[in-house]
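Scrolling down, you'll hit the structures one after another.
The following pair of complexes shares a single chain, chain A, combined with chain B in the former and chain C in the latter.
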Partner chain A sequence: MEDRPTSLWRDAWKRLRRNKLAVTGLWIVAVLVLVAAIGPWITPYDFLSQNLDARNLPPSLSHLFGTDDLGRDVISRVIYGARTAFLVAVCVTVIALLIGVVLGAIAGFYGGIFDRVMMWFTDMTMSVPQLLLVVVINASLKQPIATWMEGMYLATLNPIWRNSALVDFVLVFGSMALISWPPYARLVRAQVLSIRSRPYVTAARALGLTNRIILLRYVLPNAMGPLIVAVSAGLGTAMVLESAFSFLGVGVNPPTPSWGNMISDGLRVWTNYPHLLIAPAAVLAVVTVAFNFLGDGLNDALNPKGQK
Partner chain B sequence: MTTLLEIRNLSKHFDLRLGAFGERGARVHALDDFSVDIAEGETLSIVGESGCGKSTTGFAILNLHHPSGGSVLYKGTDLAQLDEDAMRPFRRDLQIVFQDPYSTLNPRMTIGEALSEPILFHKLASKADLPARLAQLLQDVGLSARFASRYPHELSGGQRQRVAIARALACQPRFIVCDEAISALDVSVQAQILNLLLDLQDKYGLTYLFIAHDLAVVRHISDRVGVMYLGRLAELAPAANLFATPLHPYTRALLSAVPEANPRAPRNRQMLQGEVPSPLAPPPGCRFHTRCPLARGLCRSQTPAFREITPGHLTACHAVTSPTATNWETPA
Partner chain C sequence: MQTSNTAHATVINRRGALKLGLGSVVAAAAFGAGSRIVMAQEGQVLKVINPAFSQDWSPLRGGGVPFRWNSIWNASAMYFDDKGVIQPYVITEWTPSADFATWTFKLDPAAKFSDGSAITAGDVKASWEVSAMPATKNQRIDQVLANVAGYAAVKDGAGTDISGIVATDDATLTVTLTGPDPIFFQRIANHIAPIVKGAQARGADGNEVAEFYRPENGGVTSGPFMLEAIDLDAGTLSFVPNPNFFGPKPILARIEITAIEDAVTATQMLKSGEYQAHTELVTSTIIADLGAEFAAGPVIPTSQHFWFNAARAPMDDPKVREALILAVDRDGLIKASFPDGPHTKTDTVMNSVPGADDPAFVPFPFDPEAAKAALAASTYGGPEKLPKLLFVGISSPANEAAAQYIAEQWRQNLGITAVDMKPQQDQYSGPDQNAVQIFRDDVGTRVPDAASYLSGSIASTSGNATGKMSYKNDKVDALIAEALTKPVEDPARVALAQEAQRLFRDDFMFIPWYRQTMSRWAGANVVGMEKNLDWQVVAPWAISVN
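This part shows the complex of A and B:
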């Protein structure tokens, strides 16, 4: 026994570090997060500035990923797309996680009618076709929100209300969170159900501790493992989902760069200018794969019993 | 000797819904009409085979399973009537130690955190006194103070069980249910933990309800022993009496199954026929009648009363009327 006490988290971290694929995934994700974070300082060109003399240029030293049909630098747009993707993925996952953990924990811990109503609600949400829901939300809410924001602008004269990208983001976050929380709720509920019958939880009850303490200090910390894996996979999925919605025109709208709407634009001209399609698509693919590697590695690290 | 707990007709039934749509209701009779007075400072053991309701008894007394009927009188309060909030002040006095040392401790908490929780919650020591109190608790259960910073997965089964005992002691309880507390341990460790429990009993005047299936252990440590069969108490007697003159036919069969050290010793094994009936549909009358060599008409229709045959020795059997003249040989 080494002398420093090792918590389960530290053990898991050790196991994760031994997993080459997971470490690769972690590095890719870390680099992309960094690039997205310092994007405005490293982009060679402004992502919006058009140069009509330099349209559809192939990749070169001055434009690493070439330029698009409006003469905008593609790598700058991909970097800004990473900002969009991470912003959407993180916000959507956090919102979905909040809803899912609260509902799932309460349903699993208290059981009874609480549980049944919440699970009906979850099943109902899952049974709605995702794309349809997002399209409906966009179609029905976009105009009212834009009108409301215009009203706010006239009332306050604060230019923040004039930012149309804000409407996109609010709608994208909202609608995607609305379809993303049920898997988290189900996962947390299943975990809580299995953990609340463990002897240490009964022992905590026998000690006289309150339900709140038992849920927060005994049940939830032990339900974290599978949840972390789900979040890692969920971040990747959210990015793909955002790209898919933007591709279909119900997500982030131009001119705000998103990998989805860049792929959509690139697809129309890919026979002549394949770099416009390949650049955003390749980056999206690499991030998705990286998140999957990381998720698998986390799964193995946090549930070591599943291995031989 | 003062009575610590007065348990009367304690019952616990679990309602199930069976069938594909939960259309059939069913009731598990886990515990029925359990009555006993537990004296301050004694060790009362409950034995019986798996599924006989021994653990349910412990859980029902502590109101960890809310009893379906009956009463548990403690300090003039009927614990069986209390809800979770009203029960809280009493929890301190009544503790439990579980069987499985591997799941009895929260894997995300150090030993120190696990032991501090009840102390701080019940305000049994100030923050400043806490380290000293932790060291004292660990010392009480034979562990050094540096275990406080360890996590459960770094400890052996015996060490974890010691921590579980320390956690129960942290509340300064008067009564501890030991729910198969040593069954999952190695035999050598079992003896250590058993001796630890006995030492602590002397030191702190603890009362134990010792739930077990190992008769040799029970004989060694108990003041009184209760034998359960299919949710009912079949026999209750001082330990020496029970092992010397078992009265209930089930107890006799159970004791005749205890292994002997000498393989050539003459033995009078009494093999019971058949299986334990399902607690979903316990037989009417005496629950043992389906397998009892003495069973007769009365046993099939009427539940036998719990009668005192000799002082302190009670049994629930129609056939047994005195310690010597039972109707053992002449079933009607």
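This part shows the complex of A and C:
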């Protein structure tokens, strides 16, 4: 029997499957993605529906995570909050990744003035405090855009313009992405600097391939390993950031649930109704740890020589 | 034989160490207990939590957190007790002219400041004048002196002397008004402009002397306690009894105020008994945490509502306003926001004043079908074309619960889904300030009078009508104006106010929410912390800690 040809990715997948913590993390992340995707159809109750005769109920069979101060089912809100968290995480990470990869690759591959200007730009961006930026965006840009969108809705009656996710998620958290790309840019630049002097890149040059083709076909694919690790860690970080900003009241507006604003609300009454704090906080903790396990596992799988 | 004196002097065996430790514990316990006994013998101490690091404790601001403690260290002209009955204080007699346009006040001849000097009519005049100066920034001085001749010029910065206030002699004050005001004597019965020593509080330019009240500046006071120490950075103040107070001798030996901003921490410290009182603690679990007694108190003439701005779409359509009101189950609204109290549901604008209970007033019903019909009959025809609704003033857990409940009622009963909420209070000044249609805010009065209540809340001259509702109804204005000219004992004063309120109701301008209880915010072991409609402790000298 002929052995199947091996590859970096197949070997990495084999190594990842042997890492139990990473596999656990992967499962949790997979469940999160599934829940975020089909959440509204699997929640036991409408996440907005109130029942004042069932306020602050502790966890039970009919309400697995209990109910909040307006009698809303907490697990339904946590599930909907997963959608918020996942949307934010993807939004922030994808935008940051796109910017970081493009700038880092150009800087690393072309060097010279490109490299100096882009690294200067990277350093400057890293000096902007994230919280301050989000507060400024909230105070200055968010409302005018929301007002403009409301005008568009009234003109067209198309419900897409009333989708608060567009403003809350894309604008506010998207703006976070605008300052979250430097770590990706630095990572890609370092990888590209290392790869561009490899023999197969020199060979590609000798064959007369253009810089664009060399970069896209030979350099970037070989820089993906560390990037995937960074992305998995970045997703978890973005979720924590979303929770932190919502906790501080500069993120998602009520009554839309997010884990951060649920933790904030729960903190006010934790002595009387601890389930209102524990449920969202525990879910956030588990998901964050899962992303970290997965990130560590990917790091070990894609960089076996780096293992202790 | 060799001896070693040093060994005897320094070596201590295990048993010795244990004895020494035990002795230390016993001594500490004995002296500790002793010290507590000494403290107890020195008198009772009331320890209070303040929710903010307030940087300005001038008693002349007429508002803000420090204002809530004005009565413990400042006397007022008169005051209302917790039952709403007026009581003499610095002023003991008040007599109107036949047309209620001139009032003569007599001062208590025994009234003294904490330095032993007499409180004179000149001091009362100076206190009111310095409070009226624009630089003083007294938030509510209009409620006290708006009708006094010459007040407007001082308020506008055109003068320093209110011509309508004349100190006839040290014990007599004459006040001339711009027109008849049968309840002027009630308007001065509060701590909005408390009595301070004119020579100390007022500079040569007529303005307030900066930090005149601080102990290091020799600040004297007129109330039962006086400021002993203040540390704004640490957020601590301490008050001790005023030895020259002209009223009853205070029971407490000391009042200590400490800033603790976090409500959860404050609740735990109150629960543990480390502190006994709070300036204003508003949490959704206050009754469960600290007991009903902590939040108990009289219902005061203040109420909270959600006001509609009739100048902004879609509230410019009365049918929309009607739909939004009828779609809300207001029994549920109070249950969602204050399920355990202390506040109670109301149907009317005015509360807790004579005439507030009007049998002819028809409360807004909860009628989802009528609400749907009203929305369908509006120019918008239904929820789809309705502009997004924006609440402001959603700044506390109870406000948030109420606003979310209303939004959910609209979603379920009318199909309205586009609702936004902002925490800013009062006059919202965000980039979309011209789009705000719903303001959560309180209205009220510091006099137990229906006409005054409505004058400050729905008359077109009130800040509430102009700033929040853009409301003007000439009939309502005329009825309130006429009511204000009637003597207190004239039934027409109340009847006219009630009629004005009924007309206002038919304009569908607000979602009634709750009438306010003036909580004690003090543990059950604190006696005498009852407060009045002026948000002040009625009799600070009677406070004791069991």
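Criterion: the second predicted complex is superposed on the first by the 302 of 308 C-alpha atoms of A that agree within 3 Å, B and C clash if a C-alpha of one lies under 4 Å from a C-alpha of the other, contacts with A are read in each partner's own complex, and residues count from 1 in each chain.
We adopt the following convention: a contact is a pair of C-beta atoms (placed from the backbone, for glycine too) under 8 Å apart; a residue touches a chain by one contact, two chains touch by 3 or more.
Owing to the predicted nature of the structure, the values given are computational and were not obtained by experimental measurement.
In the three-chain model built by superposing on chain A, chain B and chain C fit together without any clash. Between chain B and chain C, the partner in contact with more residues of chain A is C.
Of the two partner chains placed by superposition, A:274 touches none, neither chain B nor chain C.
Look at A:226: by the touch rule set out above, it reaches neither chain B nor chain C.
Of the two partner chains, neither chain B nor chain C is touched by A:174. Centres of mass aside, this uses C-alpha centres: at chain A, the angle toward chain B and chain C in the superposed model is 140 degrees, to the nearest 10.
Once the two complexes are overlaid on the shared chain, A:59 sits clear of chain B and of chain C alike. Looking at the shared chain after the overlay, A:203 reaches chain B, while chain C stays out of its contact range. In the superposed model, A:111 lies in contact with neither chain B nor chain C. Superposition on the common chain places the nearest Cα atoms of chain B and chain C 46 Å from each other. Counting contacts as defined above, no chain A residue meets chain B in one complex and chain C in the other. Listed in rising order, the residues of chain A touching chain B in the complex are 1, 5-8, 198-200, 202-211, 213, 217-218, 221-222.
Across the complex, chain A is touched by residues 62, 64, 84, 87-89, 91-92, 94-96, 98-100, 103-110, 117-118, 121-122, 149-151, 153-154, 164, 167, 171 of chain B. On the side of chain A, the complex with chain C involves touching residues 48-50, 52, 55, 69-70, 140, 143-144, 146-147, 150, 153-154, 157, 162, 249, 253-255, 265, 267-273. By the touch criterion given at the top, residues 263-264, 267-268, 283-285, 288-289, 332, 335-336, 339, 384-385, 387-388, 397, 400-401, 404-405, 407-408, 411, 417-418, 420-421, 423, 430-432, 435 of chain C touch chain A in their complex.
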